[in-house]
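One chain, subunit A, appears in both complexes that follow, with subunit B as partner in the first and subunit C in the second.
And then the complex of A and B:
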């Protein structure tokens, strides 16, 4: 690693980024804070409401609080399920990648394809694919005698949203793991072969440790993106049937842009953002610490 | 050696799982609506290009693509040109608050767009940019500028520091060194970063839809409004979907080895 020199003038180079991100992140957040402590009579007349909105939001017995906790639980359940499927599946796919040649390139291209489709089109694809009348999946399932309809059945709606997310994002975990696996020198495998290590031992002792870092990044990205998922379920199920697939972002947009309830939306936004920040900070700390431990260990050897 | 038994079958099944829904979309886009609604056919029996011709001739459809391209291109240019100097600074120097700044940028990549929808709407209405490509382009800078900084930082760090020093000894000024030497050296990195800025701006819907109404309406919003209309024109919707996949599919080959890096914020 290169030693970096201390140079405070570097701030001049960072300043444009600082300004543009501050303009699009800090300024809007200030208006959110502003709204979150005020109530309105309409006509742009606001008065001080203190922590009233926050109290209501965090009180499960109120309408707003009930909706918030319900959508939060739903969202956490969703994130947990997709992580439990996508991480092992991603590792499996990465381990199954061909060794070299044109096949690798072809696989990489196909794997990357879902990642580059606009999120609303991902929704459209699964809508068209899953409908019992015109969709291959819905039609086949119904003709096999399984009563499948994601519009009216809660379980089917959940299953569709989860399979859609697995379809959309497993490739990301797979590509990350593949990048991690590729960085393992061949000598490691040769040594394992000489030692007569089993396939499982190779995975546990050589491959998994190398995957730690990329998996951490993968879990972080997948958790964050599934925690703020909006477009795909919105297009497919619209948050329904009932409220069964209304995740936090969908609830927030409903309150903010549907009902134009500024105070409630702002309070929800802030709490939502704080949760994201905390999780983000934990991951960042773990990630940097893991890096430090790693270099120390390597340095000692 | 890093593979497992039965890998061909696992991989094949997974790739089919990935391609099947996409095939169905493409299949639909070449069918007439009567064929879609009345029969279940695995390939178009009466193939038609009518859905595509309608999109290319109806202004309310093709203007959606033009509007999307406008803000995506503005955003890509803005993100890259802002991020380049910062990437150099992060790669070469330590300075007051650099770690905190890096974390702060990371947190913006992770912030839920839904939180920003309403304040952005107010902000851009107040400064008179609402319903212009600039509003969406600036809004997408929220996550694309940090992304570009990270990707480019990785590529700048790959350039040996001796090159900087030699250039400065040869009497190059900093801007001249930047444009004449550094930028050509990391040209491929700039290409990769531009690709990801383009993609992340292209796939985003919520902010793009919130910040536009008539004049700058992006294709994704045109599509969702068709979905909510009562009479479903599935063939047309499928054709519009296929057309949004094309820009990504065209460039994917050139960036296939960088996909993981781009999504992992340059950390892989």
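And then the complex of A and C:
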């Protein structure tokens, strides 16, 4: 066996990356860790608080813990609802897209439009669109006899935020699925025709299995995005009415910048971060195992 | 199970008004009898896959009709046509087990469960798939996948025909032999009409009892392997089938004589009424002409090389500018660059504009 050549120069190639990551990620994160174990009464005076903030955060009976769990539940519910709508809807849109010709280009452009709009603009669009006095949607609904007001009614606020997210992001799922569908060879459809498969059987036996991987990526992206959603609901409802649309990130900003409770906010953001990491890890594990047959290969059939 | 008739069937991918010479399939009429084993043989792009897809309904013909047992099924969709097709690349439904894959075509047609089970058992037995029926159809070798595809093609007992579109392309050469003889056995066991598309003459000649040779969108000849070898109806069949292919040499033919550059070759039949203005050629298979020591009365040729194929050797020679192959008799060694050619008169065919001309005895 040959020994590897020793070459310490390689460190110079890795060093810039270390520096950049340290400067942009590790050091800022450490300041957050630093804040999370201290208390301050302003004037740049800090006192050691140990794991006090974390204890309070994870204790549902405290004010901080109560707000954290409530916003976390709301956030999970929100993510679950938009995933349950956007994934099937995205698949449906992708399935009904034309297969070739200029119509494909037209559809792709139209689908890409919502994705190109800045998030606060999306919020503003829906904030105005839903207003009962001057918004087309709010005005129309109210004149149809539906009492719709996202400022005062919790259900209306939720509905508006969800519809807005569906409007904004279904395209992403649809585009991913469209790419997945495009990669299925024609032979599969021809074989299914020969086998007499119904439209539904074609979907179950060919299209859905082949979409597996892009769907997993789509779900991951949409979960992450909806789990850290801030701008759009903040612009439309400001987290209200009451706290009914206050998601974790909105709560976090309230604590950090509204109350200037840096210790509590730091503890919350670290826990938030850990949840995101865990979810990512779960997705990663599922994705790398997807399609892997655990039964041993029994040689040639 | 049915007889399949093609009536003036033609296909153009650029519409009915396109130049007829550009058609992927020029108008053909022919009959496929029930229970036959057919091979559609031709080079890539000759229209054989188009013809197959027309029969299965994946492609709708530009012109003409397809009849199953005399019934016009041209407008019917693939699902309603009662046809099975196996594709070049195996298609496997990999969320299902091997057994579910085989049952899929029957299940889709609402066949009762007991009947499905019986038929799947029968087909899996024939294809040696029985031990794997309960296994998920993922991570299989290409030949295992293609066996499952074949199984799905064969599982329906009531199909008008089973079409194979170069199904052994992805299979290892060693397994090709095995699967091909398996198919042949299945044909005998199941009494199905089978149409097998290939560009490999060995595959075609070993599988089929009728070989249909296609060239440039036309069927140029259909017959038994022996007929194709002995009496090619078209110069294309002559050199596409056989290894090496038939020798085709421009010649002047009148009566019972063919003239190549002043040299006269005797013919067994008389050719008096050759079409005027046509290009006249004679064709003879290398097996039926042998080299000899140059002598008066023999056509003289220049040797380029000798190919030793084991049991038989062929000399590659030139007559003027035309390449020619001829058998080297056992024990004969080519000395010098010139040889004489000895023709078997009964095996010399005359072609006018590439088509065989029948002589008068």
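We adopt the following convention: the second predicted complex is superposed on the first by the 269 of 301 C-alpha atoms of A that agree within 3 Å, B and C clash if a C-alpha of one lies under 4 Å from a C-alpha of the other, contacts with A are read in each partner's own complex, and residues count from 1 in each chain.
The rule is simple: a residue touches a chain if its C-beta (ideal position, glycine included) is under 8 Å from a C-beta of that chain, and two chains touch if they have at least 3 such contacts.
Model, not experiment: these values are computed from the prediction.
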{"item": "Contacts of A:209 with subunit B and subunit C, given as first, second, both or neither", "value": "second"}
{"item": "Partner chain(s) touched by A:129 [first = subunit B, second = subunit C, both, neither]", "value": "first"}
{"item": "Which superposed partner A:105 touches (first subunit B, second subunit C, both, neither)", "value": "first"}
{"item": "Which of subunit B and subunit C A:160 touches, first, second, both or neither", "value": "neither"}
{"item": "Partner touching more residues of subunit A, whether subunit B or subunit C", "value": "B"}
{"item": "Which superposed partner A:18 touches (first subunit B, second subunit C, both, neither)", "value": "first"}
{"item": "First (subunit B), second (subunit C), both or neither touched by A:113", "value": "first"}
{"item": "Contacts of A:246 with subunit B and subunit C, given as first, second, both or neither", "value": "neither"}
{"item": "Common ground on subunit A, meaning residues reached by subunit C in one complex and by subunit B in the other", "value": "193"}
{"item": "Residues of subunit A defined as touching subunit C within the complex", "value": "185, 187-188, 190-198, 201, 204-206, 208-209, 291, 293, 295, 297-298, 300-301"}
{"item": "Interface residues, subunit A side, partner subunit B - complex", "value": "2, 4-11, 13-14, 16-18, 20-21, 23-25, 27-29, 31-32, 89, 92-93, 95-99, 105, 107-121, 124-129, 133-137, 139, 167, 170-172, 175-176, 178-182, 184, 186, 189, 193, 199, 207, 214, 217-218, 221, 224, 227-228, 230-231, 235, 248-250, 252-253, 256-257, 262, 265-266, 269, 272-273, 276-277, 280-281, 284"}
{"item": "Partner subunit A, residues of subunit C touching it in the complex", "value": "56-58, 77-79, 83-85, 87-89, 91, 93-96, 98, 104-105, 108-109, 128-129, 132, 135-136, 138-141, 143-144, 147, 149, 152-153"}
{"item": "Complex contact set, residues of subunit B against subunit A", "value": "1-8, 10-11, 14-15, 17-22, 24-25, 28, 36-37, 40, 42, 78, 82-83, 85-86, 88-96, 98, 101, 103-108, 110-123, 138-139, 141-142, 145-146, 149, 157, 161, 199, 202-206, 210, 220, 223-224, 227, 234, 237-238, 241, 244-245, 248-249, 252-253, 256-257, 259-261, 263-265, 267-268"}
